[in-house]
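Please find one structure pasted underneath; my questions will follow.
As written, the chains take the letters A, B and C, and residue 1 is the first residue of each chain.
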Amino acid sequence: MRATRVIKLTAVYALLFAGGAITVLPFVWMALTSLQPRRAAIASPLDLLDSESWSLGNYEFILTFPELPIVRMALNSVFVTLCVVLFQLAICSLAAYAFARLRFRGRDALFILVTLTMMVPTVVMIVPLFITVERMGLLDTYAGLIFPYPYLSTAFGIFLLRQHFMSIPRSLDEAAELDGCSKLRILWHVILPSSRPALATLAAFGFIWTWTEFYWPLLATSTREMRTLEVGLSMFKESYGGTNWPIQMAAAVIVLLPALAFFLALQKYFVKGVVQSGLKG
Amino acid sequence: MKTARPMSVAGYLFVGPAMLYLGVFTLLPMVVAAYLSVHRWHLLKPDRPFVGWDNYRRLLEDPFFVNAIRNTVVFTALSVPLGIAIALAAAVLLNRGLPGIRVFRTIFYVPSVCSQVALSMIWIWVTLPHVGFVNWLVGSANALLGTSFATDVNYLQRFPMISVVLLFIWNGLGPRMVIFLAGLQNIPETLYEAARVDGASGWQRFRYVTLPLLMPTTFFIVVTTTIAALQIFTPIYVMTQGGPNRATDVVVFHIYKEAWHKFHIGQASAMSYVLFSIILTISLLQFWAMKRRSDMIAESA
Amino acid sequence: MRSEFERRHPGVRIQIENIPGEGQYVPKLLMMFVAKKAPDVMHLDASYASVFIDNDLLLDLTPEIKSDDSFRLDDYFTNVVDVARRGDKLFAIPLDFTPIVLYYNKRLFDEAKVAYPAKGWNCDDFLAKAKALTIDNHKEPGKKQYGMHFINWMPLWIPWVWTEGGDVLSPDGRHAEGYFDSDKTIRAVEFLASLITKYHVAPTHSEAAAAGVDLFRAGRAAMHIAGHWMIIDYRSDGIDFGVAMLPTNAASPKTVVYESGLAINRSTKKRELAWEYVKFMTSAEVQKVRVSGGLAISAQKEVAQYYASDEQERTFLNAVEFASGPWGARVEPYAVVEDLGREMMEDIVNGTPVPDAVHKTCRLIDLELSQQ
């Protein structure tokens, strides 16, 4: 019994290590490349491992580039992303709660309509969306930058949360209802606390989608001061071009790090929801 | 039904904000796109006549569009089952209280916090002949084992479709895995204990406890992954530009070229509606299969 | 530069919008036109100028030029100015330009004891040199030296078609049949493809990608076709290089010139000010500062001549005489044609016989043009 357990554990770790290596090695490769001098001609992969050639020169070059207000752009990205995530969490959880728990005429039809909006290719939405935002006079404003974003994922969010809310035992809200709680209070005090993993997942999705979106912020903004990090940095990728791998990779690392930090901060919510303890207690 | 009326009002109030939002920013543009799709609507030409089904009819005669649909279907058929199986396997492996498990959870999520543009750049860089990581591994293996496998393979050129599929799976692994994990953690431990008492093996517990109870989660992942796969664009745009030989020219990339190289917005909208119908049909089939399944389970129970 | 203009025109503020990436520039600018939010003055590149000119988005500058005594069009290179011309109308004043030329690495030529490209050399001379400069390195298969670095990007290989006497489209730009599938074009494409597939003096797409860097810059390709934009990098790398016209089989050498100019929005509300700004930015005074970085060649003859003492720069200036603008300046969906050209070359390198590939592509180009 003990022996099989050891073998099993070894197998699990072996698999995890193999999968982890495949997943993460390209990023190690990326980080190593970003440390190479800007004009380096990389002849052999082994050059990357030579710690003598490492330097932070590319980062310094990008971060101190004149005409590129990188701090302002990073703040724009943070502000826009947080607004989108909060807005989305709010409207999605309200709607998902109604779809999962409340009865009203046309509910299923409305839900199907919501999922339909997920199926429209975004490429072609850009033109009508741009015209809509322009008519509202919101071009080059934070509102114009923020509001159209969640269309990428509102339907996804409602769908995700609805599926999750449906798996929460009804006995929990029935108990609250007997105590005389309003619907809103049930959502806030019973459903949402039991759904942290799903909410964290949606927040992570919303964050990544917004943080890395390129096309919409490019169209919606004109002044440099309104640009987001992803758009701002792509100027480098273009001017320092296709095969200048060190610069490309350094720019990618700069966009990646904040997103990674956000993910790590959320990570503790991803698992161990209150559902289990709720069931047991 | 005394409670029917107050229930109704509450329901509308709760879905109201989301509906209003989707109405303005998604449904309205959708309607506009439908309007565009029946007009010859060039971005810059003032003359935009109504052409009825003409844009749609022309698509059926366009061999490149048919090719794009075929590529999209192949891509989806390859990437969805594989992507989901890998994510589920990862979730099951990580759903244990083993030491160090959090580190792996983080590692598996890293590709998902990266923009698709950056990921695609990394992917190109890693698959380059000679200097790329993959070829370097092969070279190292050669040196170690005395073999002589080629190290000048441009994997992206040689296996374009497989490359894009792998990128898609790699990129989406984290979120799918986390959603599966959340689902797994909702399964009460008592059920596993009962199965163990009945003498069920590990595989049997997975097959008869985990899989059925994970169904709502799996369903969600199948539907959303399929939709994402049918709309694959960025990796194609960055890595292959639809090539070589249009082998990776998928529908959304085709639409992009129609809209932004030729400015035929009407034609591009028609293409979008064709893709939309395909996605809709597949999703409806999935919803139907799911419903049938849960009905069967309800009957047998 | 902008602040200098603002200083001279009190009360005027210039707002600059940078758009990252050429692939994004055209869509973004077009959307701004659709929303009637387009800027008063904009950059116009030869490679896509037609999209803006032929959709009546730009102001014809001839009245401005005629009524302004302080402006002389003769100060600019005529061939460069004409890129944005339609008959007697002119839609942009050029800022800078580059003809496509051939760079060669003098060190590699010397090592292989090959003479530098001479004036009026032809494709046979080129091939002989390329062969002599190709050195297989069997010990390290990844380090082969090539005679020429080939990039499958139609804007760079179109001059080869022209020097053979072929072309892509009919003079009126309406159709490809009879031009793209002419014997001369086929011969040019065959020659280009043979460099890769038959003589192996140029790398295949994968071999080139393998280097991860410009092979010429890495000292592993002896010749390279490119524009002036590479010169800064090559100089800062300390490469000992020369610049020559492309070889030609026609009576006189030919090449393509890519220019970038300033154009004015047709529906601008500040017509006079916009013209002042265009005039200011393209003036010799500003151009001197602009080109001092070395990236581009000024379209102002006086400014450009200032650098002519340099042998490499002189070749670029001499090339202007034999250069004409790209089709993209005259035919609207040319980006599509260039995509088709790239795909065709890909097919050929992968084994499709040249005549088949050319005829197929020719039909596809005509199909695209007929849909406009």
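Throughout what follows, contacts are C-beta pairs under 8 Å (C-beta built on N, C-alpha and C of every residue); 3 or more make two chains touch, one makes a residue touch a chain.
Given the structure is predicted, the values throughout are model-derived calculations rather than measurements.
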Most extensive contact between chains (C-beta pair count): A-B
Chain at maximum distance from chain B, centres defined as averaged CA atoms: C
Chain A and chain B, separation of their C-alpha mean positions in angstrom: 16
Between chain B and chain C, centroid-to-centroid distance (C-alpha), Å: 39
Per-residue overlap in chain C, given as positions that touch at least 2 other chains: 34, 142, 211-212
Multi-chain contact sites of chain B, meaning residues that touch two or more partners: 43, 125, 130-132
Per-residue overlap in chain A, given as positions that touch at least 2 other chains: 42-44, 127, 131, 234, 237, 245
Sites on chain C touched by chain B in the complex: 26-27, 30, 33-34, 51, 55, 57, 141-142, 205-207, 209-212, 333, 335-336, 339, 342-343, 346-347, 350, 368, 371
Chain A - residues contacting chain B, complex: 9, 12-13, 15-16, 19-20, 23-27, 29-30, 33, 42-46, 90-92, 94-95, 97-99, 102-105, 107, 110, 113-125, 127-129, 131-132, 147-148, 150-151, 154-156, 158-160, 163-164, 166-167, 183, 197-198, 201, 204-205, 208, 211-212, 214, 230, 234, 237, 245, 248-249, 251-252, 255-256, 259-260, 262-264, 267, 270-273, 275-276, 279
List of chain B residues in touch with chain C within their complex: 43-45, 125, 128-132, 151-154, 157, 243-246, 257, 260-264
List of chain B residues in touch with chain A within their complex: 4, 7-12, 14-15, 17-19, 21-22, 24-30, 32-33, 36, 43, 90, 93-94, 96, 98, 102, 104-118, 121-123, 125-126, 130-133, 136, 170, 173, 175, 178-179, 181-183, 185-186, 188-189, 216-217, 219-220, 223-224, 227, 231, 233, 251-252, 255-256, 259, 265, 268-269, 271-272, 275-276, 279-280, 283
Of all residues in chain A, those that touch chain C in their complex: 39-44, 127, 130-131, 134, 139, 218-219, 222-224, 231-232, 234-235, 237-238, 243-245
